[in-house]
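Here come two complexes built around chain A, the first alongside chain B, the second alongside chain C.
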Partner chain A sequence: MDDTAFIAALQLTDSFFPSGAVTLSHGLETFLSDQSTAIDLSQLLHDYLERKIAPCDLVAYAHAYQAAAEGDVERLHQIDRYLNVSLLPQELRQGSVRSGRGTLETLRRIVEEPLFQTFLAGVDAGKSGGHLPICLAILHSIWRIPQHRGGCMLLYAFMVNFLSAAIRLGHLGHRQAQGLLIHFRPQLMPLVEQALESQLEEIGSFVPLADIRAMQHAHLSVRLFSS
Partner chain B sequence: MPEHEVSRPDRSLDAAFWPQSFQPYLSDALDQRPAGSAGKSGACKLIFAAAGSGRTQLQQSFVSHPFHLTRPWYLDPALPGMVVVYVQTPAGGLIQGDRATLQFELDDTTQAHITNQAAEKIHSMTANCALQNVSFVLGTGAYAEYCPEPVILFPHARFGQQLNVQLGLQASFFFSELFLIRGDVIQEPFEALSTSLKVTDATGDLLMREHSLALPFQQRLTGPGVLGRYHVWGQAVLIGRSVTESWAKEIQGEIQEEVFPDTILVAGTTVLPGECGVCVKVVGTQVPAVRRVLRRAWHGLRLRHLGVPAPDLPK
Partner chain C sequence: MTDYAEVPRLGIGGPVGSGKTALIEQVVPYLQRQGRQVAVITNDILTQEDAQRLRNRGFLSPERIVGVETGACPHTVIREDPTMNLEAVRQLEEQFPALDLIILESGGDNLASTYSPELADAFVFVIDVAGGDDIPRKRGLGVTRSDLLIINKVDLAPYVGANIEAMTQDAHHARGTRPVLLTNCKTGLGIQDVGEWIERELLFV
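Our next item is the complex of A and B:
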């Protein structure tokens, strides 16, 4: 990865980038609102990473990156629609689209590359929703961030998001969060390598509790996050 | 027909999509008769058509071992034209090398409820795996319910299941499923479970899809995001009609009412992609409690979708 790509990677992964992902807890808020069960955040983050984000979002990302590298916009919309019908809890679907569109909107008048603008026009026209992993794959490809590094960025950004939600919900300290980020470092690349070998049809997850908590979130009477 | 043709194993199901982790099972030879051979390859193919009386009739059927069919019944007083079919399996469950195909075709405006007589055991396996493919093709305005009894996963069972649904214009589909682990979840879980659900509309576009892969010996099931302390899980889905967000909210409330303080379970309700249906997921420690939630979901969705309650079907 050359220096310019490295700096682009920093910019996209930084929580300063206004994608809107900061409003999402991915169901964590419901987990933590249930006082009857003590939750081990490290184990829960592990389940989310290994069982949900990697086999779902990351596989969509990997295929979208390939399509972006080939300049195949129709395929990008197809993968985007495929991910949309695969995300069953409504708030997870909406959250993924909201942060994807947030990313597109932020760069609408800045990034002129035809691939980006054509995909954006397609999303505007309703060809597909604009899920975050697809939008990131396009930008990573345009800015020459290698696919496996980009995959790590996606997982890392998810972890930061999840842990920052846990901090704001008062269940984690900043130092513990940094400790977990270090703890999970060696686990990211094997997950990326596995996702890069997966077929699109394998997109899916077996996390009944995480799905249920994400579904319940929509019905919480008081909530801080939008998922 | 020459003998070799009769005994040639039917491996057509193996060629369908299965996750990469199932590929070694598919090519795994059995010490007994080969996978998919006679006696290990069952089919139940039914075609339903509308009769002049307004009833849905079983027009054609092809049923081979281990499946068996009772006569079609009409058991729902609120939907007197809906045919109720019990697909029986006297074999006592699926074992390694079994391949089962269930195909249901519903003509325009027909209504059918498909179920089985008892829970389906997926037995312990040391070689190959068991595969089941269920498909529905629904004509314009048709409505099908597919509500099989629980699937019991024995220690070291390997089971792959696909459910594919093709909806015609204004057709709709309800299904519920329930899985439970027999034996110790940590010490003796099943070995592999792949389930997938795919629903397409009249134009062939995907309305929803789901693929779940669980490999408990590689990834523990007791994680807080997976099954935690539960070992029974299930879902109920209504798809094919446009719903509002309030449906999910109301049904979530009805389920909460159904959950008594002594029952330990967690359930969630959501609106499906494109607002084309509702999905209810539940995990618990007891089959009766989880069943009660799924039945309540069925009842609530039926009332909203068809204006009729869920019937009590004899078993």
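Our next item is the complex of A and C:
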């Protein structure tokens, strides 16, 4: 990765980048609002990464990256729609679209590359929703961030978002969060490699409890997060 | 590029309980009487309480009131990452092409809070006499940078020993020529001035 691509990667992964992720907890808020069950946050994060983000978001990302590299916009919309029907809980689906769409809107008047603008026009026209992994794949491809690095960025951004939600929900200290990020480091690359080899049709997450928690979130009476 | 016209957006900020929702409850009917179509986005900090309260008032159809969660970061979502609020704006614009104004209510701010100029075209900061009459003297960004400063709950001044004149003077001192208005959002005192300011600043009447 050349230095310019590296700087682009920093910009896209920094929580300073406005993607709306600060409002998402991915169902964590429901888990933590249930005071009766003790939660092993590290185990939960592990399950999310291995059974949800990697086999779902990351597989969609990998195929979208390929399509973006080939300039195949129709295929991008197709993968986007495929991911849409693979995300079962409504709030997770909405969160993924809103932050993807938000990312597109942030860059609408800044990024002129035809691939980006054509995809954006397709989203405007309702061809697909604009899920975050698809939008990131397009940007990574345009800005020459290698696919496996981009995959790591996706997982890392998820972890930061998840742990920072846990901190804001009062269940984790700032040092513990850094400890977990270090702990999970070696586990990311194998997940990325596996996702890069998966067929699009293999997309699918299996974390039933997390999905149920994410669905229950819609009915929480006191909520800080939108998912 | 977008082909829909962008609707003017007014941001309302200020500490929790200063009267932001009460102001909306007063000023929206005023604007409606002037023939304006309005929608509201509330950034409720914990629940959909504000959104629900406005829906219950019945002056706006429920679809014109959208609640956006803040992830415990009420300042972030109006300032450095207003993505979800902008998404709500986009959806309202799509759904109601004839809107004249979108009002955003923040989830409750500290005195240093401001709206991103890309989220709100103008920004009102609401403080109240009961929150301490030294607030204008503290010169937070809400007080110094807002386009309009409202000192609300003037009816309570005698009960909390607040000196409204001194507050107003301090506010003018901190704000130069930017306007300061006094309101009682229980009775509607001062609301016409606020409404006229909005029409002048945002609707170019």
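Everything below uses one rule, namely that the second predicted complex is superposed on the first by the 227 of 227 C-alpha atoms of A that agree within 3 Å, B and C clash if a C-alpha of one lies under 4 Å from a C-alpha of the other, contacts with A are read in each partner's own complex, and residues count from 1 in each chain.
Keep this in mind: a residue touches a chain if its C-beta (ideal position, glycine included) is under 8 Å from a C-beta of that chain, and two chains touch if they have at least 3 such contacts.
Everything quoted here is computed from the prediction, not taken from an experiment.
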Label the relationship between chain B and chain C on chain A in the superposed model as either fit or clash.
fit
Determine, under the contact definition given at the top, whether A:R93 touches first (chain B), second (chain C), both, or neither.
first
Looking at A:R168 after the superposition, I want to know if it touches chain B, chain C, both of them or none. Which is it: first, second, both, neither?
second
A:R101 in the overlay: touching chain B, chain C, both, or neither? Say first, second, both or neither.
second
Determine, under the contact definition given at the top, whether A:R109 touches first (chain B), second (chain C), both, or neither.
second
Angle at chain A between chain B and chain C: what is it in degrees to the nearest 10, using CA centres?
110
After the superposition on A, what does A:R223 contact: first (chain B), second (chain C), both or neither?
second
Chain B versus chain C as contact partner of A:L200, first or second or both or neither:
neither
Identify the partner contact of A:I142: answer first if only chain B is touched, second if only chain C is, both if each is, neither if none is.
neither
By residue count, which of the two partners contacts chain A more extensively, chain B or chain C?
B
Quick one: classify A:F16 as touching chain B (first), chain C (second), both or neither.
second
Distance floor for C-alpha atoms, chain B against chain C, superposed on A, in Å, equals 13
Going by the contact rule set out above, which residues of chain C touch chain A in the complex?
1-2, 45-47, 68-73, 76-77, 80-84, 86-87, 90
Give the list of chain A residues in touch with chain B in this complex.
31, 37, 39-40, 43-44, 46-48, 50-52, 55, 81-82, 84-91, 93, 197-199, 201-216, 218-219
If we count contacts the way the header does, which residues on chain A are in touch with chain C in the complex?
16, 18-20, 22-25, 98-99, 101-103, 105-106, 108-109, 124, 165, 168-169, 221-226
Spell out the part of chain B that touches chain A in their complex, as residue ranges.
17, 19-20, 193, 196, 206-214, 219, 223-228, 230, 233, 245, 248-249, 252-253, 266-274, 279, 281-283
